[in-house]
Amino acid sequence: MAHLLSEDSQLVKDWASDQDAFKGVSWGKAMMWIFLLSDTFIFSSFLVGYMTVRMSVTEPWPNASEVFALTIAGHHIPLILIAIMTFILITSSGTMAMAVNMGYARKRKQAARLMFVTALLGASFVGMQAFEWTKLIEEGVRPWGNPFGAAQFGSTFFMVTGFHGLHVSAGVIYLLIVARKIQLGHYEKEGNYQIVEIAGLYWHFVDLVWVFIFAFFYLW
Amino acid sequence: MSTSNALGQESQEHNTQEHPIGLYLKIWVLLFVLSTLSYMVDYMQLQGYLRWTLIIIFMLLKAGLIVAVFMHMMWERLALIYAILLPPLCLLVLIGLMAIEADYTILMRYDFFGR
Amino acid sequence: MPLAIALILIVVLSVLFQVFTPWWSTPVASNWGHIDDTLVITGLITGVVFIAVNIFIAVAIIRYRHREGHKADYQPENKKLEWTLIGLTTLGIVGMLAPGLFVYSEFVDVPEEADHFEVVGQQWQWSFRFPGEDGVLGHADNRFITPDNPFGLKPDDPNGADDRLVLSNEVHLPLNRPVKVLMRSKDVLHDFYVPQFRAKMDLVPGTVSYFWFTPTRPGQFEILCAELCGVGHYNMRGKVVVETERAYREWMAGLPTFAKLQEGTTLTDSSDLSFEELVEQGRQLSQAQGCIGCHSLDGSPTPGPTWLNLYGKQEELADGSSVLVDDGYLREAIVNPNSQIVKGFAPMMPPYPFTDVQLDATVAFIKSLSDKAPNQEGDTQ
Amino acid sequence: MNEPQSFWTKYVWSQDHKVIAVQYSITAIVAGIVALVLSVLMRMQLGFPDSVPFMDSEAYYQAMTLHGMIMVIYLLTALFLGGFGNYMIPLMVGARDMVFPYLNMLSYWFYLLSVIVLMASFFVPGGPTGAGWTLYPPQAILTGTPGTDWGIITMLISLAIFIVAATMGGLNYVTTVLQARCRGMTLMRMPLTVWGIFVATIMALLAFPALFVSAVMMLFDKLLGTSFFMPAVVSMGQALDYDGGSPVLFQHLFWFFGHPEVYIVALPAFGIVSDLISVHARKNIFGFRMMVWAIVFIGVLSFVVWAHHMYVSGMNPYFGFFFAITTLVIAVPTAIKVYNWVLTLWRGDIHLTVPMLYAIAFISTFVIGGLTGLFLGNVIVDIPLSDTYFVVAHFHMVMGVSPILVIFGAIYHWYPKITGRMLNDTIGKTHFWITFIGTYAIYFPMHYLGILGMPRRYYAYENYEFIPQSAHDLNSFISAMAIVVAVAQVLYIYNLFWSYWKGKEAGPNPWGATSLEWQTPQTPPVHGNWGEKLPEVHRWAYDYSVPGYDEDFVPQTQPQPEDRPAGEMA
């Protein structure tokens, strides 16, 4: 720690320098990071709200493992849909990371193609979420109550996954726009493909949030 | 973006985040494994502290990998890393106190409402 | 220069105001005199700082105001001075915080021997519950509230049967006995506040809050609501009577128990009841349902029209027409309140789906409050 | 440089930070005037009951709620961040504009939309919400409170839109300060104005999320029947379908936003007033480093003190110890700031210009507001005082009067740069004296009503035995003073208009200030701010009365002489 704060550490030098504190970070990327920081607080507040109501209701909390189970080919498998959604989102993060790599390698076509794949995976995630919502609504889960236990189960489920789903949907649109622009060669002139990395930051963040939702809402 | 450039962003040395594809693939596989493990926690019906510890460990490992590698945090300069990672710490105070508060509420409810 | 004078004047006038003010804490009537002491300590320390800073500015303005040829000193920082000031400030903070936390630890630590009773709030009235012989309050929850069970006592909890209920906004407490106040709300946040006791706490629906105190002075004290609770907030009044142990016991003996109330309030058929009995039923019903939170019984202004001399009166309505307040109008106004709004009042009363018997009782009670009501005897339709 | 040409692109759909700043400021001030009128109506009712015919208890609570909400969010936050932040940051750090001007423009239009939605709540069925600016559930969405059908919905939606606007603006401000400074402009050479706004903006980005989330959750409680904040309740004799929620959770989330919010307003004011004092005392700000660290320290600490607003809320009572300690610790950096302001005056060359009058008045009122905060932060002292007029007096002194005095002073100080003309001194002084003395007369005695025990948020105080007649008389006096002060604000507005056309020509640097915004090639600065070449900074912003120079100020752009090594603070 002492080393980190000493006068000649890179940390102190960067902060004490003129013009920019984040060396080599473009305006867009800096802004995206700061936005994600703010968004972290939004999701954390949602999850804190969820934690508090879950801990303070006297009704029993439904067993997520059961509620989200599917019967496939006669087998009753707990949480299987959620597991698949998790894998899809992780896969999309992987393709996104490769798109960033292609962008920096100036492989325009591949970058755009990988981004389209990412968007497709994202869209299928949203599709599965829609399926999950439909299933739960058919089973009688509503924001104000459900047949399995505490009413807040439904409220927080729709609120938290809904908000995350909105983020994914927005991300899909964002990725599509950027990918299209790359295809059309909009960034060719400046030769700077950092936009892919910025879009990637957002996309990975959405994945990151899902990691927490998966752990706290579905597994806990 | 274009508007900002119109006003002239000073040229800066962009430290491009170029890393070998192989690394991404490795992380990808690792994330798959971790997700499977955390799924297995539920599938095996582990309960109690063991369950919660495992869930948290796998969650933090996954989150760490995504932030560090996919979001390139480990290659960023310390100035950015600290600026992004320190502020969420104050959320820990909120989380901790709200856990205590929720606990207090449920105790009151059991004590006085008799449910 | 005028500014320097103004600042000095502000200091002088503030100090004079402080010394001669007729507006100061009400005389304390509980054991929380220590709270007043912490207030005085804080007042002294902050007062010194207030005077010092203002006078310092005034002197600086006088000494260093702009004159031709004068130039300011160049002194970016003075580490020693700054750290001295930080040290002094910390000292002052500790001086306020330490006694404060000490008294607060007394405040949250309820003595073993303390009695307890419950305050229940609803828009906009108070009611109270005492534990009865067994010394234990029965479980109670808003989910059990019915017209017959206004406190929402858990019907099958044996501890609740002997609980003594106060359906009016007046509570009695014995002198010099520590008491823990448990608080609960039926609808929104309220705050049980008696200025002379110093302590106050919110009533929160969905949980129970508490504080404790020992009344140290006999007398009657006003209860106020100190947490915004809707349009009637400013009029949510009550009374604490602090009296000798004996008087308190007598008062307590007159209170109905929960078990007794349950037997008595099941309204059956109004034709069996005398007018007086009906009026009494109506009184209890309108307290339980919160009617008197909005409709005063003594003519004082409240969110809804007062019930004093209401019956038989010509009311002007919001649409300009007028109507005679009779049985029919009152019954309609309870079941479907927003159909005919009295001029000057907001359409905010919710419909009360009363049974015929309940309507009879309520109307009879309103009638009993009016000297214009014709033939009080028997006419209950 | 694509200079916008038509009136519409230049003044309406403008992406120039300076125009956006003025748009923000004008909108905020108009909203503020509405809130001021509401406060006069309330004071009329309190001082002279039943003097305003339509002021029934319902209208009173609606006025009270909207007054508080507009003043805190739509006036103060918007004016300091959207107004001053927008105007000052690029000019003071030597940037051509905000880093993303288009987003900056969107930020304003979203803000305007939020104000329009808010104002629309006056006309929706049931009127605006009367739940108090804290919007505590359950009462905010239950019958018995005005505006529970449409008022509360428009209020929450307006807040959500405001948060979107604040986020878009805030991202710009923070990124601009971090990444778009000119050569030589290190963080430690930035004027304190920028520091205050910078830290406040970071706090806004991290605190508004909690408000956003609680607004969303309350909207769901209201519209979908969820029970986040709603336990089982029996409202007006009707058992409702809610169950299991926790009203205290809302309060925690609200104040997790709400306390940082206090400093979101205060920190820019701290920064600006530091600069005003330094410029007009012709002396460097005393203890600059300490001032910066105090701002940062206050910013961080303000995230762990929130529940000192909830000492009597029925939360876990043991929280009182934790929050009393953190709250009183925050008093130390705040006190340092006060010491450094007054020590800046000491041995200065104090020009009692109108901005300086406001600045000094700020110190005096802020000291009262800050010191009374020590009463309310110390949990046991707070218990008798909470929810009384003491609280009203405290937060009006600390969050109402003092930041507003800074705003008056700041507008006076920078008006010449914005318009090229000076404001009128005579009107300025008249306005200053009425406002300063008037607010003292309003709020100083009000503390004593609180100590007496008069609860706040009361529509009337009829027949309370513990309130003597003299207290009612004092209340009337306070109301009379409030009306005088409110009316006096017309002077300031008049001054703004009159001087725009008739004011004295200002020249580029009328106060002889060192910071960058006074060194622009044109006054008012044109689009792009700096002409061909960005400025270069060679020293901190506080080189006033430096020994060895003829002038009593050395602009930041002036290079250090060869023979003089850069000084400690340069």
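For reference, chains read A, B, C and D in written order, and residue numbers begin at 1 within each chain.
Throughout what follows, contacts are C-beta pairs under 8 Å (C-beta built on N, C-alpha and C of every residue); 3 or more make two chains touch, one makes a residue touch a chain.
Note that this is a predicted model, so its numbers are computed, not measured.
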| item | value |
| --- | --- |
| Most centrally placed chain, judged by C-alpha centres | D |
| Distance between chain centroids, defined by C-alpha means - chain B, chain C (Å) | 46 |
| Computed distance of Cα centres, chain D from chain B, in Å | 34 |
| Distance from chain B to chain A - Cα centre to Cα centre, in angstrom | 11 |
| Junction residues of chain B, two or more chains touched | 4, 9-10, 87, 94, 98, 101-102, 105, 109, 113, 115 |
| Residue numbers of chain C (touch at least two other chains) | 141, 206-207 |
| Residues of chain A touching at least two other chains | 15, 19-22, 25, 27-28, 30, 37, 41, 44, 48, 52-53, 56-58 |
| Contacting chain pairs - touch in the sense defined above | A-B, A-D, B-C, B-D, C-D |
| Residues on chain D engaged by chain A in the complex (per definition of touch) | 99-100, 167, 170-172, 174-175, 178-189, 205-210, 212-214, 216-217, 220, 224-228, 241, 243-246, 249, 252-253, 256, 537 |
| Touch list for chain C against partner chain B, complex | 137-141, 154, 157, 182, 184, 206-208 |
| Contact set on chain B toward chain C in their complex | 105, 108-109, 111-115 |
| Touching residues on chain A, where the partner in the complex is chain D | 15-22, 25, 27-28, 30-31, 34-35, 37-39, 41-42, 44-46, 48-49, 52-53, 56-59, 143-145, 150-152, 154-155, 159 |
| Chain B residues touching chain D - in the complex, by the definition given at the top | 3-4, 6-10, 87, 90, 93-94, 97-98, 100-102, 104-105 |
